[in-house]
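Structures incoming, each one as structure tokens.
Note that subunit A is present in both complexes that follow, paired respectively with subunit B and with subunit C.
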Partner chain A sequence: MRTDLLAEYWPTIWNGFLITVLLSFVVLAVSTPIAFFLALARQSQLAVLRWPAGIYVNVFRALPVLIILYFAFYALPQFGMSLTAFQAATAGLVIASSAYLAEDIRAGLAAVDPGQRHAATALGIPYWRSLRRIYLPQAIPIALPPYITRAIIIVKGTALASLVAVNDLTAEAVRAISITYRPYEFLAVAAILYLVINALLAALQSFTERHIALRYGRVAAGPAAVAQ
Partner chain B sequence: MLLDKTIVAAALVAALAVPVAHAQDKAADGLAAFAEALGDPQPFESYPKPWPLNNLVTPGKLTVGTTGQAPPRTFVDPASGELTGSYVDLFRKIAEDLGLEIEFVKLDWPGILPGLTANRFDLACDGASWSAQRLGSTDFLMTSPTAVNATVALARKDAGVSSWEAMSGEKIGGVRGEIYFETAKERLAGIDPVEYPGMSESLLGLQNGQVAAVALNLANALDILDKSPMADQLELVGPPLQVFAQGLCVNPRQPDLLVAVNVLLGNYRADDSLKALIGEYSTSTAEVELLNSIGY
Partner chain C sequence: MTSATDPNKKPVAASDDASGAGPMVAVRNLRKEFGSLVAVEDVSLDVNAGEVFAIIGASGSGKSTILKCINFLEPPTAGEIWVDGRRVGVVETGGRLRPARASELRRSRADIGMVFQSFNLFPHFTALQNVIEAPMAVRGLSRSDAIGLAKELLDRVGLGDKFDEHPRRLSGGQQQRVAIARALAMRPKVMLMDEVTSALDPELVEEVLGVMKNLARDGMTMLVVTHEMAFARDVADSVVFVDGGRVVEQGPPSEILRAPQEVRTKAFLQRILRTDG
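Presenting the complex of A and B:
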């Protein structure tokens, strides 16, 4: 273990780590609301909403993320749209991630008994209110574990941004390896830093599940408990 | 009095000059006689055939790591899909002369030198530039030079960066971790570096206007100016920031292979076969012919 090399390259590795954290945060913050509305659109009675959302989700789930990233960074300039490396990586990862997250959220929504929606409609409760007060308190605890799992996959997927000139954690580790020829040290450090981010996400999942269980109690136990 | 001193000084100079001139004449005569006795440059043939190489990754086979991404030295022929290039042919010739089969392992540059260290292949590098760190490394061994190269840049003509000084404040691209780009980042104050994963991506960035110029080596730059469809939009920026000797890299467990390759490279220089291999894929063989400018 060459600790002197680690010390020499630590500032650039740390900078790459911060870029990875920022990229992950931005991608999740932008993807989540898009995915939420895509999930609602997928469940809509209106074909004009359901069909485009279905096509979006199925197309971008089927495409390799790297192809989307390459298109965003290297091909868009041919159409007069030149994004910076960070913008292109964010756009590409948001497009792909929102498609996956939409399905995770839709699964949570679909687990709620549809009879409750019909009952809410029959009682004259507006759609957005029934969504906020009836659906989401039941759907969120169900969707949370797959959502966090997906978020961890997305954080790991930000490593692809290094291939479109973003100097993220993976890129800085690769650069240090190219100069020093010491893969072991820098790959180990990069792996540990990715573990730190994803361990925090896993801890967030546990905390949020406990919080929801305490706050909503019976509801968080699932639709079956509500029905009793 | 002054005249006397002048005469004495002149005599002294003449007395010293005669033996020096005489010695120079003798040295020139000696060189000419030696050269005449040796005749034309010729390869050194008295080496073991087959060369006993006991530490190859796979016995009887020369395993070579190459990127396949640095034309004209190593690239994938778009027509056949086969790995080709001047250094691919050089590796084939070395294997043939050592009586070995050859197997190429294609991987990105960041994996090449760590791959040698990890005993994945015997020989690698499509002309890796010498540096103090590389020459002193115990993780791999470097052969004698196969080429002389230099750090230059290719700039878009419309970007207005036809000199190094004009690059201050501009986005300059290059291959992440490559010695040419690292040299440019170190020596050019005020540039905004954009690090691409490979040369083809760097050139895409240049074509798209995402960077004003790309720092790279002279051989690559000349090849791009010779063959690229966008060559008429590009200009070469110099003078070189740094001049490098380039060589092949050998598995650190195989000093016997290093000796064998060095002997063969000397032979290829003597019989001009190295020059011929380079000339088959490039219009210029200057990188070999000018090796004597750095003492080889």
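Presenting the complex of A and C:
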């Protein structure tokens, strides 16, 4: 272990780490609301919402993320759209991530007993209020574990941004290796730093689950739990 | 006051909310298809204000679908629904009929209470929160007014000591009584009861039927889809037997349940009385 080399390259590694954190955060912060509305559109009665959302999800979750990233970085300039490396990576990752997350959120909403919708509809409660007060409080606990799992996959996926010239954690580690020929040290450091980010996400998951359990009690997810 | 939504061809005389001159609920030539399946065909019913109207029939006969069409939980394929002299789901503007907008449909539904077989209480809300939600969201009641109303109604269904319990802590019979209170909190003109005791353990059925009998005594108009023949016999003013999506026979319970004219009604009653003992 050459700690002196680690110390020498630590500032750039740390910079890469911050970029990875920023990229992950921006991608999740932008993808989540897009995914939420895609999920709602997928469930809509209106074909004009349901169809485009279905096509979007099924196309972009079927493509390799790297292809989407290369497209954003290399192909868009052909159409006169020049993005910085960070912008291109963000756009590409958001497009792919929102398609995945939409399915996780939709699964959570779909797991809510349809009787809940019947009851809210029969009472005349408006859609957005029902969503906020009745469906989401029941869907979020169901969607949370797959959502966080997906978020962890997305954080790891930001490593692909290193291939479109973003100086993220992976890019800085690889650069340090190519100069120093010490793969062990820098790969280990990069791995540990990814672990740190994803450990935080896992901690967020258990914290949120506990919070929800305290607030709502164990929320019954299906009719079986209601009809005794 | 309802001139905009009262076309002249209206089949009911009730233009007056309180007079009870016409039926509270009128169903005209109702038809409902699910794909190629015809679930309900040419059903017409008149339910007068204050009347308890029992719909009986085998499972799959379309009786629950009739109820769901009345509040447009299932939009009818054809036919007319009238509640208190107003067309449900269709609005007349400038002499033309058009489908009701979501907000117009919500207003109609707010006047039509519905109770479900599987209770469908909101599991993350307490009994009290279940009851106050819709009056606040739809009727614009203040929280304190809604709570006052909810407590009164929960008291009335015998749950004055369960305000703060979540549904999972209540028995099926208690949950169903909360669901009845929740529907009543909207001050509905009519209550639709969809096999409300079918999911209950036998010993819990009576407490729910008791609440329904009280409602009937207080003059609530009710359409009750039920397998409880004793309830239909003792409480209903009219009974309609539905088979294959059509009305087979209709009349007072003394006729339909004791002296049915149609073969299919007789066969159904024999079957159900044998299994009920």
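Please note the rule applied: the second predicted complex is superposed on the first by the 218 of 228 C-alpha atoms of A that agree within 3 Å, B and C clash if a C-alpha of one lies under 4 Å from a C-alpha of the other, contacts with A are read in each partner's own complex, and residues count from 1 in each chain.
Just so we're on the same page, a contact is a pair of C-beta atoms (placed from the backbone, for glycine too) under 8 Å apart; a residue touches a chain by one contact, two chains touch by 3 or more.
What you see is a predicted model; the values in this text were computed from it and never measured.
Judged by the touch definition given at the top, the superposed model places A:A119 against subunit C, while subunit B stays out of reach.
Once the two complexes are laid over each other on the shared chain, residue contacts for A:Y74 go to subunit B alone; subunit C is not touched.
For subunit A, the partner that touches more of its residues is C, with subunit B and subunit C as the two candidates.
In the superposed pair of complexes, A:I179 makes contact with subunit B only, with no contact to subunit C. Looking at the shared chain after the overlay, A:P33 reaches neither subunit B nor subunit C.
Within the superposed three-chain model, A:Q138 lies in touch with subunit C and out of touch with subunit B [touch as defined at top]. Within subunit A, not a single residue is touched by subunit B in the first complex and by subunit C in the second.
Interface residues of subunit B facing subunit A in the complex, by the touch rule stated above, are 109-110, 113-114, 117-118, 133, 137, 139-140, 173, 176-178, 182, 194-197, 201, 204-205, 208-210. On subunit C, the positions that touch subunit A within their shared complex are 71, 73, 102-103, 106-110, 112-114, 116, 118-124, 133-134, 137-138, 166-168, 171-172, 175, 179, 182-183, 186, 199, 201.
Those residues of subunit A lying in contact with subunit B across their complex are 74, 77-78, 82, 85, 162-163, 165, 167, 171, 174-183.
On subunit A, the positions that touch subunit C within their shared complex are 113, 115-116, 118-119, 121-127, 129, 133-134, 137-138, 216-220, 223, 225-228.
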